[in-house]
Amino acid sequence: MLKRSTVFLLTLLVIASVFVPVTFAQDKTVVTVLNYMDLTAPGTQRQLDEIWYQFSLDNPDIIVQREDLFLDAFHNKVEAYAAADKLPDVMFMWPGGRSTTLHTNGLVKDLEPLLGDFLDDYQAYVRAPQAGGFVAMIPSTITLSHAFYANVTLLESLGLSVPETYEELVAMVPTIKAAGLDVVLMGAQDDWVIQSCLFSMIVGRLTGDEKLEEILAGNAKFTDPEFVKSLEFYAKLYDDGVLSSKIMNTGYGEVKSLFAAGRAPFLIDGDWATGDFISDEEGNALFSPSEQKGIKMTIFPAIPGEINEKTSSGVPGVGYGMSSKIEAGSAKEEAALRLIKWLSGKKFQSLELETVGTPPSRTDIDLTQFPLEPLIIERIENFSASVLGSTYVLDDIFEADVFMPINIGLQEIGLGLSTPADVAKATQNAYDSWVK
Amino acid sequence: MKKAVYWTEERRAYLLLVLPALVIYWAVIAAPTVFSLVLSATNYNGGPLFSASRPFDFIGFGNYTRMIQDKFFWISLKNNMYIVLISVFGQIPLGFMFAYVLHRKLVKFDDFFQTIVYLPSIISTIVVGRLWQLFFSAYGPFTEFMQRFDPTWQNKLLIDPKIAIIPVLFVILWMYTGTYLIIFLANLQKIDPALIEAARIDGATEWQVLIKIILPALSGVIVTSSILAISGSLRSFGLLFALTGGNPARRTSVLALYMYDTAFLHSPRYGMANAISVVMVVLSLILIIIVNTIEKKFGGSED
Amino acid sequence: MSTNKKQKGDFNPLLRIFVYAVLAIFTFLTIYPLFWLVMSSFKTTNEFLRNPMGWPIEPTLNNYPTAWVRAQFSTLFTNSLFFTIVSTLAVIFLSLMAGFGFAKIKSKATPLLHGSFIIGILLTIESVMIPLFLFINLIGLYNTRTGVLIPYIGMGLPMGIYLCTEFIRSIPDSVVESARIDGASYAKIFLSIVVPMAKPVAVTLAILNVAGVWNEFMLVNMLVSSDALRTLPVGILKFSGPLSSRYGLQFASLTIGMIPIVIFYLFFRKEITKGVSAGAVKG
């Protein structure tokens, strides 16, 4: 039975717990950070220890309140914060794409005047104006959203080699299928994957960036033959047996394991997927260093009728920006800047290189210094060399209202629910109502 | 003076007892409902609501027209209706059947079976969703299992848009049948065993006992269970979120997921998301009214 | 027992086989996936890839400590416990208070107010999630403990008030009346008579609320952004979500998320059964 005193105490507890304030020491500067992080990725623990924890040790006067999110959860949260006018002090962001509103609505600061000669140690593309016309974040690398991974060991066992042209790839389909394998794996259950990792590359090759710029400016349409051509080629991938609708029932995380298990000789993913294949801190790897030598990282074979050869889709990579709400010259601004410099610094980029294989945007990192696994060397040396140019990623140059019909439309084409013409029309309609 | 009379001890006590619950409940359910009714008539897309520069304009029924012109609204609504159907015509009959055989001790190990059937419904929808997603995946155990019989079998379960909802319905059936088992079991135990005994002695068959005694006694519970099933079917957000995320191509979306996507997946469209919210509330209210009317006709044998 | 035997005897054997078959299928469908889940959590990712269906050949326990640390399970458990316990206590206490008011003090307002709670049993919180999100933002409770607790309490109140009002109505009026004649205040009657008598309904309510809040996903997913406030379901989905290519860790985290509630069920099986059926009486 509940005693009176118990009831009283419980009531107190209830009331007290509701009003438990989140308190901080007054003499320290609090910097809130919205971070983009895959907690399951192999390099994560080192990043937590060597970057974030180290920063708090080196800077006892700053309290970093970090929030780690990933994929849609991250983007949803940014929208939510922007809606509530509660953006954190420092936030992970893209130079455009899904971060466009942050740039164009003046929600983040121009870092160039604050950083000064700090940027001298970076590749030139770091100073290129971003979506808002200024440098809101320091890109850590150039990210290619399309990479074509080939399991050479598996191909050779079938008497095949990495195809140079699309016709060669199609010619392999019967052999691969006869061996009970799929041809190309993609983890396309989430709808951004096809658009970002495959279709943007196709558009870059068959339609070209100039046409996309015209469409964006309203001087051309998605329904024009140049764009529909790309959709039609994408649809042909299914007809030719290169892609199967199974990709849409394959989780984005699952697919790397499936590729490692040899379910298909090819995988289409972003260049960042290398990070999932190499050893984690416990020494477990989907491909051991010796197996990695049997993996070739390249780009999709030459497409008939392409106007740009050997291109992949890419964006200057991600980095950290600062909320424009922070008062100029305040202690908070100084603290946030210190953090951003640290997150763009030599140590972080070296770690990214070592654990994920990200080619750094800093110029003072000596690549030969690190014990890189074979796949990372493949990425930095051969893959980068095989890409002759980088074209737009659709979700980077268009707003969500416009690229969402493409994302869903690409799945619909793969499922046989829509034709390329339908998707082009739906996208144009979305563009028209977005312009309004 | 009048005030003093008005605030009798009874009234004061009543107010103090009822008010805390009322304030919290209305803040959580009623205030957002009214709020959404207002916002659904605006083009609000984020920003501080009460600032000098009003971040929205009233646009009347614009969001509603936009919503009913969107094919994904209808796909989601249809899926919700499928879930209602599987709940009412799948979970309830199956739950009743299980409860009946367990109560009448027509099978052995009744405690074991009760646990097994009920267990899925208490596991987090997130764990259940992830589990079955992995299980049904194109390369998952289900495919492996089927390929042992037919090596060329291809798993199109969650891909073919015509049938992608079926695995979802299966998981929902699997997950919640146990709830109805428990409800029916508890109510079966209230039926006087002597009544059944007497009927049996008079030579009634098991089947006649079921039709003549048990079903009429449970008619009220069947109706209330239907209400629960219908309102529960609007609650499938977490499960779908973890199981399919609404894909492929949004063909397994439900209203709650559609609302979430509308609010967060594109650039925010809070006005339209609120219109969807209003539709869901109205839908619940209509269903409640319908079932209440039916219950009155049945005479509410449970009261 | 003899009558049972007799009934069994003339129950159509074909039908009985059918019933056993359906139950067997259900048993398989429940046990096999859960068993597969737990078994896979003892495999390394590489072993899972080679051997997704079979028994672990080189079982490993390493997935558990790694998943525990990476997914921050200590924080997730603490938060889940906090939200569950505090909201359950609050729901019980507030429901008893309001139930006492509704049941034992006559007022013209009761049908309306009580009725508004009854509607709430059927109104799903899902249907107001976006306005609730905007509302919580508006009043500045986004990403706070309070901002999660209040919706949880509000969500639990309709069922709580329904059950408590029914229960307290069953206490004879004379008990309250004689205490009033003895000069006891309503507060005293509530604390010294109603609350002690309400143990059974409090237990039922606690069980219903614990299961509901412990597994709740949507509210925390939407109303909370910082790691420090996340609960188990949200943390698990984030960790084992579409990006995890490490099967072993993923299965371990799903298993960790499943175990507590299964244990809870096995301990309180009778009470849960009673609670669920009590809650469903009126719908």
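A, B and C are the chain letters, set down in written order, and residue numbers restart from 1 in every chain.
Heads up, the rule we're going with is that a contact is a pair of C-beta atoms (placed from the backbone, for glycine too) under 8 Å apart; a residue touches a chain by one contact, two chains touch by 3 or more.
This is a predicted model, so every value here is computed, not measured.
Q: What is the chain whose Cα centre is as far as it gets from that of subunit B?
A: Centre of mass proxy via C-alpha means gives A as farthest from subunit B.
Q: Decide which interface, A-C or A-B, involves more C-beta pairs in contact, and give its chain pair.
A: Of A-B and A-C, it is A-C that has more C-beta pairs in contact.
Q: At what distance in angstrom does the C-alpha mean of subunit C lie from that of subunit B?
A: 15
Q: Counting only Cα atoms for the centres, state how far subunit A is from subunit C in Å.
A: Measuring from centre to centre gives 37 Å for this pair.
Q: Spell out, as numbers or ranges, the residues of subunit A touching 2 or more other chains.
A: Answer for subunit A, listing residues that touch two or more other chains: 80, 83-84, 189-190, 251, 254, 258.
Q: Provide the list of subunit B residues touching at least two other chains, using ranges where the numbers run on.
A: Only 134, 245, 270 qualify.
Q: In subunit C, what residues contact two or more other chains?
A: In subunit C, 133-134, 150, 242, 250 touch at least two other chains.
Q: Give every residue of subunit A touching subunit C within the complex, in rising order.
A: 1-2, 4, 7, 10-11, 13-14, 17-20, 22, 34, 38-41, 44-45, 65-71, 73, 77, 80-81, 83-84, 86, 187, 189-190, 251-258, 260-261, 276, 280, 282, 284, 286
Q: Using the touch rule from the top, collect the residues of subunit B that touch subunit A in their complex.
A: Contacts found on subunit B: 45-48, 133-134, 136-139, 151, 154-161, 244-245, 247-251, 264-268, 270.
Q: Using the touch definition up top, name the residues of subunit C that touch subunit B in the complex.
A: Subunit C residues touching subunit B: 3-4, 6-8, 10-12, 16, 19-20, 22-23, 26-27, 29-31, 33-34, 36-37, 52-53, 94-95, 97-98, 100-102, 105-107, 109, 113, 116-117, 119-135, 138, 150-151, 153-155, 157-158, 161, 185-187, 190, 211, 214-218, 221, 232-234, 236-237, 240, 242, 250, 254, 257-258, 261-262, 264-266, 269, 272-274, 276-278, 280-283.
Q: Flag every residue of subunit B that touches subunit C in the complex, lowest number first.
A: So the residues of subunit B touching subunit C come out as 9-11, 13-14, 17-18, 20-22, 24-33, 35-36, 39, 49-50, 94, 97-98, 101, 104-107, 113-120, 122-127, 130-132, 134-135, 140-141, 144-145, 174, 177, 179, 182-183, 185-187, 197, 200, 205-206, 221, 223-225, 227-228, 231-232, 234-235, 237-238, 241-242, 245, 255-256, 259-260, 263, 270, 273-274, 276-277, 280-281, 283-285, 287-288, 291, 302.
Q: Which stretch or stretches of subunit C touch subunit A in the complex?
A: Per the touch definition, subunit C meets subunit A at residues 44-46, 48-50, 62, 66, 70-71, 82, 86, 89-90, 93, 133-134, 137, 142, 144-146, 149-150, 191-192, 195-196, 199, 202, 225-227, 238-239, 241-247, 249-250.
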